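Input: structures, listed below.
One chain, chain A, links the two complexes that follow: it is found with chain B in the first and with chain C in the second.
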Partner chain A sequence: MLRHAARRLVSRTAAAPTARRALATAEVPAEAAEDSTFVEAWKKVAPNIEPPTTPLSLMQPRPPTPATIPTKLTVNFVLPYKSEIANKEVDMVIVPATTGQMGVLPGHVATIAELKPGVLSVHEGNDVTKYFVSSGFAFVHANSIADIVAVEAVPVDQIDPALVQKGLADFTAKLGSASTDLEKAEAQIGVDVHSALNAALTG
Partner chain B sequence: MAMAALRREGRRILLSPTVPNPSPAAASAAVTRSSAISQPCTPLGARSISTQVVRNRMKSVKNIQKITKAMKMVAASKLRAVQTRTENSRGLWQPFTALLGDTPSVDVKKNVIVAITSDKGLCGGINSTSVKVSRALHKLTSGPEKESKYVILGEKGKVQLVRDSRNSIEMTVTELQKNPINYTQIAVLADDILKNVEYDALRVIFNKFHSVILFKPTMVTILSPEVAEKESEAGGKMGDLDSYEIEGGETKSEILQNLAEFQFSCVLYNGALENACSELGARMSAMDSSSRNAGDMLDRLTLTYNRTRQASITTELIEIISGASALEG
Partner chain C sequence: MSATTAAVPFWRAAGMTYIGYSNICAALVRNCLKEPFKSEAASREKVHFSISKWADGKQEKPMQRAPALCGVWGRVLVASLTLACAMRGDRDSNPGPSGHRRCPLRR
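After this line comes the complex of A and B, so read on.
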């Protein structure tokens, strides 16, 4: 019964799915071959069920490492609720790694960096866009693509200084009066984030 | 009204002398059952067929049609809201796959299959598909030295898997969608799962939303930090991982641990949103076909009703006319 309905719905919206199907076939190429061991093992165990799709077949393949250092850095900055920057070509990004502010230029060595609360700045020519990120990870690949995944980020000009001071005072007080380790840890995190916010506003 | 009473009286008088008398209820039921073929003349004198049964059926079918239409519209409006959030979250897992690749055929001792299903039903076959894929994966990843366990998110998956794999279920989580799905909730959930479950490889199974009528089961593999290091040393697809410098933290393993946990929460977030979208899309099409079926059934019942009604009127007329002609001549 549902199959009939699906067929009827498909025939009604005949134009849209075919267009999407045409786009979908463009992405399939070499990635399918890499999952062949999985697909074969699957077919042995469950021949009647189609194997599930895997992420490699759902994303655009990344370009290989070029021979010469490229002039621009491609940046992807993603948050859980949106992709802030997607495939933008910039000159430099400065990420707040746990070891300090790290500048990433095209041709940077491949790096995995864990981020601490701080300011992320994106430099494009003479424009600088600054975001305050809560934490996350930054991957720099050998082909001059930088992926920054953060949990929360706001542009620095949207931060309210009064609330920052208040939060800092609150958490410092909580840190003083904390009794259990968990409360101490939570208060410490609050203090760290708010002091970083403070530094972001001033610096 | 008086005619109906007379009709009933006539039936009672006629039925008592005849021995193998079909009850009027059976006769009318037989008529409604054979809705495709009309049988105006019922055997052995049961005269007028009650249209009450057909009318009741029509009322209930019409109510069902209204309910399913309303459910479809509710699902459509909810889908619009969730779809934008899902599309925005699609960029979240791509950096991890770009860095670590995807190794679905990795051979490890402890596999944990995280199946994301829905809590509510009436959403077509998506939960059954997820459960089928999970079961096949369980068969694939169990062996002499390997074992695999389930972590189930969603009531429907739990109900289906508890039947035959009760011992392999490590933990279940329900009422995921009581509040709209947000990252904080999923992060806490991911933390919970990682604390309680030992794993070498996590496989997250969900229905990816391609369009309102197309949902495909998708599997994302996340390796534990130890296995990731082993795979990168072995070379192959993950061999590049070694070439990356690690910034921050004390040891490489600490960073890889954080990375694996973060990857899991991101993948789980995207998977939960995609599954929610697929559930709503499947519910839309299921309710749509339901209302269409109800409409067809209503048409058929209307025809039967009219036929029955007209047959009983004709019978009455025949009786009256034959009675009148008997009086005259």
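After this line comes the complex of A and C, so read on.
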């Protein structure tokens, strides 16, 4: 019975519009790592039993949006099978958004960008690291943290130019001979991806 | 109430979902890698699934699909298999409008 009470209390606190929402754009203060609402409610119901830890208390509080623009951008770049960049402070990242190459500097406005196949470059001082991203999303938060997620990302020097040319020729031919909508779409995707790979190799 | 005049990407207009588009892009990029990266990446493309038809509320013997069907063409094959099952219209493999029949192919 007490277990159900805890569940109901947790769901009620989860419904409250607190600053935990990742896409909140208003400036929010850092939250304490204890779930105070839950603990108070628990103490009222069961004062003699230790309150359990809730997911909120185990979560790291979201870094606050500073009053002045920070000097560095914190980047997290993750793939489904590994974390490529984790909490790295850089000067700038250029992401291949569907609306064009987008440069993200510290203090960038909060943005969600869908990525197209293209080159993602991370600029740190004089070093530039380039990855070819197949597709994904880039979330830039107001506190100068950028989260980039992609399905597949490879360093540009791991791409084989001969295979790219062959693929481009193949898919261009398929695009010419495609009949159904689905075939046309797939051929178009092939042409897009291979052209982007080509541009990444030459550019 | 606005009409749906939002510009949809060409792949969505052709019936593809974002996840399908994203997986196709990833598979194409993996195909263009140099060795040895290409063989390492090939293991990421493998899809294991088993299909089983349902008849009279009973599950028949499942067909184990070997992980050979992977990547772009595996997806197309799976899509056509689902379409074939759906279009055949038989009560066995088609989840009826009542919804209590479990769909055999979970993607």
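Before moving on, here are some points about what is shown:
FYI, the second predicted complex is superposed on the first by the 144 of 203 C-alpha atoms of A that agree within 3 Å, B and C clash if a C-alpha of one lies under 4 Å from a C-alpha of the other, contacts with A are read in each partner's own complex, and residues count from 1 in each chain.
Just so it is clear, a residue touches a chain if its C-beta (ideal position, glycine included) is under 8 Å from a C-beta of that chain, and two chains touch if they have at least 3 such contacts.
Keep in mind that what you see is a predicted model, and the values were worked out from it rather than measured.
Once the two complexes are laid over each other on the shared chain, residue contacts for A:38 go to chain B alone; chain C is not touched.
When the two complexes are overlaid on their common chain A, residue A:92 makes contact with neither chain B nor chain C. In the superposition on chain A, A:200 contacts neither chain B nor chain C. By the touch criterion defined above, A:46 lies against chain B but remains apart from chain C after alignment on the C-alpha atoms of chain A. Touched residues of chain A, counted separately for chain B and chain C, are more numerous for B.
Applying the stated contact rule after C-alpha superposition, one finds that A:151 touches each of chain B and chain C. By the touch criterion defined above, A:104 lies against neither chain B nor chain C after alignment on the C-alpha atoms of chain A. Of the two partner chains, neither chain B nor chain C is touched by A:120. In the superposed model, A:136 makes contact with both chain B and chain C. After overlaying the two complexes on the shared chain, residue contacts for A:188 are found with chain C alone; chain B is out of touch. Chain A uses residues 81, 136, 151 to touch chain B in one structure and chain C in the other.
Chain B contributes residues 85, 88-99, 101-102, 104-105, 124-125, 132-133, 136-137, 139-140, 183, 187, 205, 208, 210-211, 213-214, 216-221, 237, 240, 243-249, 255, 258-259, 262, 266, 269, 285-286, 288-289, 292-293 to its touches with chain A in the complex.
Those residues of chain A that touch chain C in the complex are listed here as 81, 117, 132, 134-136, 151-152, 154, 158-160, 163-164, 167, 181-182, 184-186, 188-190, 193-194, 197. Those residues of chain C lying in contact with chain A across their complex are 10-11, 13-16, 21-26, 28-34, 37-38, 41, 44, 72, 76. For chain A in complex with chain B, the residues that touch the partner chain are 1-2, 4-6, 9-10, 13, 16-17, 20, 24, 34-35, 37-38, 41-42, 45-46, 49-50, 52-56, 58-59, 62, 76, 78-83, 86, 97-99, 102, 109-114, 116, 136-137, 139, 141-142, 145, 147-149, 151.
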